[in-house]
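Starting off with a structure, shown below.
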């Protein structure tokens, strides 16, 4: 998972306004990636300026860095930690120079045919400096640009070749471009600023910059921004029969205040709770949530069930991600430091705990244990999604099947593992209803094992197949 | 406002277990002070070891610092920023050596007669290295110890002299001591650990260390810990007719998961919301809170009023206290970055917003404005406390009268200032009912201007007067 | 200017021994580049590991970084700051993956035909991520490797194409390779370690690792290291009629304790001083030097002239490169802090000051002024090289002609500018004699404006022309 | 060992000029203490401002710290690391407030009767926050000030009580004061700045600030500065029959460019080398030094003996004090990194190595071994001082007798231990001649075991005894 952003601002302005806007935009998207971040800006007639580093947005970019990044157009990227590739070479945006100009790419998603595409390019004698699919996208785009000389034609060809998820912000010779894959798997939207345009993974980045949300980038669309005062030029290159919006964005990934493909995520999560209360009622004294991911659904559950909502687990707001856990025997204390139980709130009570999903089950078990240790009589877990049984090949660092508890175990087995008195997962139908789309417009690969694009060795539906029949 | 902690652990153990326990205890009390922190540990037959610094707990103490702090008994302190005194000399604990031994002091509270006491000591030729009342307490205690040779007698004399609020943890020649002033103004409680004892400002520090909450230290009590396996020795030196527990701890200061003088703060805050709904009902579509301080009261308001509770203001969890706001024109963006409105949640709706208190009114006004900017039809502010009209002389860095909006303006004037459609403060009677004590057991100085001890130029009740008649 | 190093060590050993050896080797070469540094290591059957960053060696590599860099073979690089290119993308070693494997390159030197080579590669559709000639070398080498499949053949072709200075250490599929250009412009030598082999820009890196200096890499030679116990395989690919060793390495660049092409640099510098005393004698009371660059020559001057050598300018050893000069009016103090005059040593005396070279003249003038301010009666500047009149195109960041004072002004004009009573430059003949080679084996471009390779718009001799006639 | 400085500057000026001047002054004195540093400034009618910390001057004081330190008068301190007391509480200057005002003290030296003085003060009920004799001095001075109300009288009494070495700069109620003990053991001098006055441990701090050296503070003198334009008021409180200037300042401690009690240290060190050549001639090919401490003496030795001086040991100027030596087996490499031998300079040669002193002998042995490993035929060590046989009680952190090799072993035994072919120490007579005073004006305790003040269990002369008979 990653977050991307791009701005195209009016000149003249303070020369580092674009850099600051990207900085704040990335800060608003920090939840989509905490491993590294980067900003590239450009200005007419001048080369691009870049700053990137490992860590969180505010630690990477000092005010002096931002002041150095002069330009009126730019893109930015935050990256999630995925094993083995944590090195500065893999940080984005990725910048390259080629015969006719320069290109900077920020990418959210994952290519399913990365290995074949890279092997093909290597076969042509090309060399690579990173292990990211972003570099492959950059090489292919340059290749097509050198053939077609036209960005729209080059991107159309690119879309034909790439299989997978890709929302992109690009700087193509100093101009901002936004692209979303034909199935619209990862989100991407645009907004109007007082002094220009912004594209971002989630609408929250637009809100933060004081902008007005305009619309989502359409599946298969390319948007080319030509200065602050001109409407961006759009081309809908592919039009799939259906879409494949990632359902996990609604369950967990996106911020609750984001508007994704027309829906406020918070509303979806409240509805999830309401439907969960209908599907899996329980006799209880209190409904509670695992902070912060389950709050909206717990409120929805409480509303529908009539059982009062209370906070029972208090997060220490001062404990950051850089927290030190130095000694094995102190680990348990570190957990308590992060999340403390409001003892009297649960003592001798029957508690319904609502959370968004279960991955390995160990975190949930620790929570159930904590509640029981403080005297909870019964703990009923209610999960706002069906069991996650399959990995994601389209950009979410889901665990492998072996690590996904629901992939190996029945619901009853999971219930016993997590020490809960009862366990209820929301049905796929319920979840789809809560999102408010039909299932065929969503990617539910992690829940069903059926993917919207061909993944070697996995089941997939024909959605992507139809794509090639579309005329642009 | 400050937070204090102390531990007395069993030997032999890992030599830095006490330091780690104090570190985690202070981390749990971080909300009580973010300006500086310090830890002192000691071990039989060896001098004390100290580490302190400016900033937040995890930035001050590196693992290597903690490993250096070998000992089985110790105290710690976090300090709140108060103007003008932000220097390393004022960091606590305060350590001194004297003829018969050594003393370390961590103090939460404020002495009203600090200036007179210090002048008296200076008149005897004594010198001071800081501007804290803690140093005055240390000097006076040493003076009494040299006279009485007995700690209990010395502290009894100390209590006779000191006027104001003081919860203390001390190391007296390597032994942990906990003291609470005769009116019990600031909180202090003790707990049992698997391997010893802990004293702390709030029970959350005990929870974090995996300990069992035992009880509050009683007003006027001294507790002397003599090793991990022996019960602490207690002496009740003064017994006031009433107490003067700070009511603002319940309103805002303490963590919601703390148990203060027998009450879970969260429960009090839910009750505040319930009573607020009774005192100040409003026709509305949604009840919401200012995160995180108003959540519990908003839930209580929703429960009692039947109007659904929803989150409408989303905090960016990644924005820390060290946030950079470099350019004036970017300030507004920085505010939006911290707190984003869930637009669709408030558009065309009548919104009740619950918060704990109003100090200057500027923050509340910005929130009302944000909600209206996103389409809220009406905004009704409900405040979980009466107007704050007077400064605090007993340890809370309240603003001066001039800065307290309610001190200068009527409720209607405040309502207009904050742009709200209506404004309702909880009555003092309601607040006291919510806390569940009688008013005479509480200090309500900031709300009433009447204090429980003599403050020159202010009204005060006779509570402290009676004190001198008590026999220990 | 840059410094490079490479090691090939025996297995099994501590897994991070190679990284530590490279770290210490780079530390010994720190004078050749303080802007950035990087280390790449590799181990059979595993990919390469890299760490690089901006700044000085000890600040870039923390012990934890080095421990992570497991492998028994590796290369390292320190880079000098050159305007405009100070960004992490330009840090070396440069690593790329290609069809048949991977390549890491560390480069010291400069390609004169960089722009043409890069344009040619871009014309083939290739893309670039940096603005360094190192990336061009890497692309060309991969291209030749894919054609010839044999490293020696590929490098022979590379040498035919590249025009300029290049000493290289490479990792080619996990094996250490060292290459020096056919004119031997930049230094490169090899040494034997107890547990393997080392190649480095200067012998001081070998000394530091406790190794035995073996010999310089020959102009036009490739050395391939195949494990710690086998002699490296050598191939002399080109044999120029003459060489073009950089004369400025002897004057200033190399450390005095380095052995370059068979000569101890310190000895050369003492001889420079001796010949300077013969060419430019002066009546004086004391001979002194600008620390640290002129010490050896001043001692040589003193020996030959019989005038006693004394230190008169004392460097503050604690003033580092990161020194803060915050206020304009404090600049003068900052200069005095760095270099203090031993007043009584110069008062009423006639002083001969020996330095290695004059670039802009401003530093020398400040020194002359300081000595006169403390009472020196006469100051006679003696410079251990002829006037620097021309830029360097072969790897030294000399100033442009406009900034080189001797390029625009006569010796008498320079003397007046620097406020000296007399000024004597060593003749080219004297300098060449001091080095102990014939002039045709040296590059004297910066002193004569005649270069050993074709530089557009500049005079050059035919040395490189002959190259193409040699058979490998 | 420590370094102290004080300034009294004219108003109005930039408000942080005093802080910057103290910063640069301390930077110039960094060689006298690298453990911690502190600065205190004051301005009429305002309290003092302080900043201090552990480490080196440039790392402790950021530009923002200095800007915060507004005032026109101030003092500063650098502190040397002595075992066990490395904590922020012991950093100087030490500030206290008392009945009639405030006092800040920076101290260089050591009190021999510290323990008795502190016990006496503790007996009066006083408390201490540090383990430094500086705090004792501060308490005693306040005590006398409260009695005498007059600074001169108070200091006269202080001088009667204190036994040992003390050069002091003080801020007494916002005025700069400089004091030197009656024997003048540690140095202290004053200078004129364009905008005020400066007092400092060594004249190099005056040079750095662009000031004019005026004179040393006289033994037993107090100087009171009253603004920038008035001459400081002086009082000579005690006049010892002789002085006891520390001879080790000339041998090693002071910077070579310092003027101590009228003598340029560099000149003394050259003379040391000349006399050493007379006392201990040797047949040799080259004279060399251990950088940087032995350079001046080696040059003197070369001059007198006619044997050429050459550098043979090259220091890596980039290796700082914070150097990491992570692995035992890499230690040897770390040593080589710091100091490399110029092999050809010593191969097959007879080498005379001049150094200032021998403490434990291990460093010298490593140097002799290094030279022999690179082929030196003979190594003759010449030491610019007599054997150090006794500890220092007056402010230098000399080792204990057990660690001083010359305390336990004959010269021949030391020679064998250090692997030298011959070893010659300068005689005490020679050293005294080189300094140019009579022996009775110098403290030679570390060389003779006879001290100028009473040290329990050690021999001492009557110098201090006479003191009490002097009338002020």
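For reference, chains read A, B, C and D in written order, and residue numbers begin at 1 within each chain.
Basically, a contact is a pair of C-beta atoms (placed from the backbone, for glycine too) under 8 Å apart; a residue touches a chain by one contact, two chains touch by 3 or more.
Bear in mind that the values here come from a model prediction, so they are computed numbers and not experimental data.
Participant: Based on mean C-alpha positions, I'd like to know which chain lies farthest from chain C.
Facilitator: Result for max centroid distance from chain C is chain B.
Participant: Please work out the Cα centroid separation of chain C and chain D, and write it as a whole number of Å.
Facilitator: Result: the chain centres lie 39 Å from each other.
Participant: Between chain A and chain D, what is the separation of their C-alpha centroids in Å?
Facilitator: Those two chain centres are 62 Å apart.
Participant: With chain centres taken as the means of their Cα atoms, state the distance from chain B to chain D in Å.
Facilitator: 48
Participant: Touching two or more other chains, which residues of chain C qualify?
Facilitator: Within chain C, no residue touches at least two other chains.
Participant: Are the chains arranged, by touching, as a line, ring, star, complete graph, or other?
Facilitator: Contact pattern: a closed ring, each chain touching exactly two others.
Participant: Sort out for me which residues of chain B touch chain A in the complex.
Facilitator: 14, 20-21, 24, 27-28, 30-31, 34, 56-58, 63, 66, 204, 207-210, 255-257, 259, 264, 266-267, 270, 292, 295-296, 299, 303, 308-311, 314, 316-320, 322-324, 326-327, 329-330, 332-334, 336-337, 340-345
Participant: Show me the residue ranges of chain C that touch chain A in the complex, using the header's touch definition.
Facilitator: Checking each residue of chain C against chain A gives 50, 52, 87-89, 94-99, 103, 119, 122-123, 125-129, 131, 138-139, 142-143, 146.
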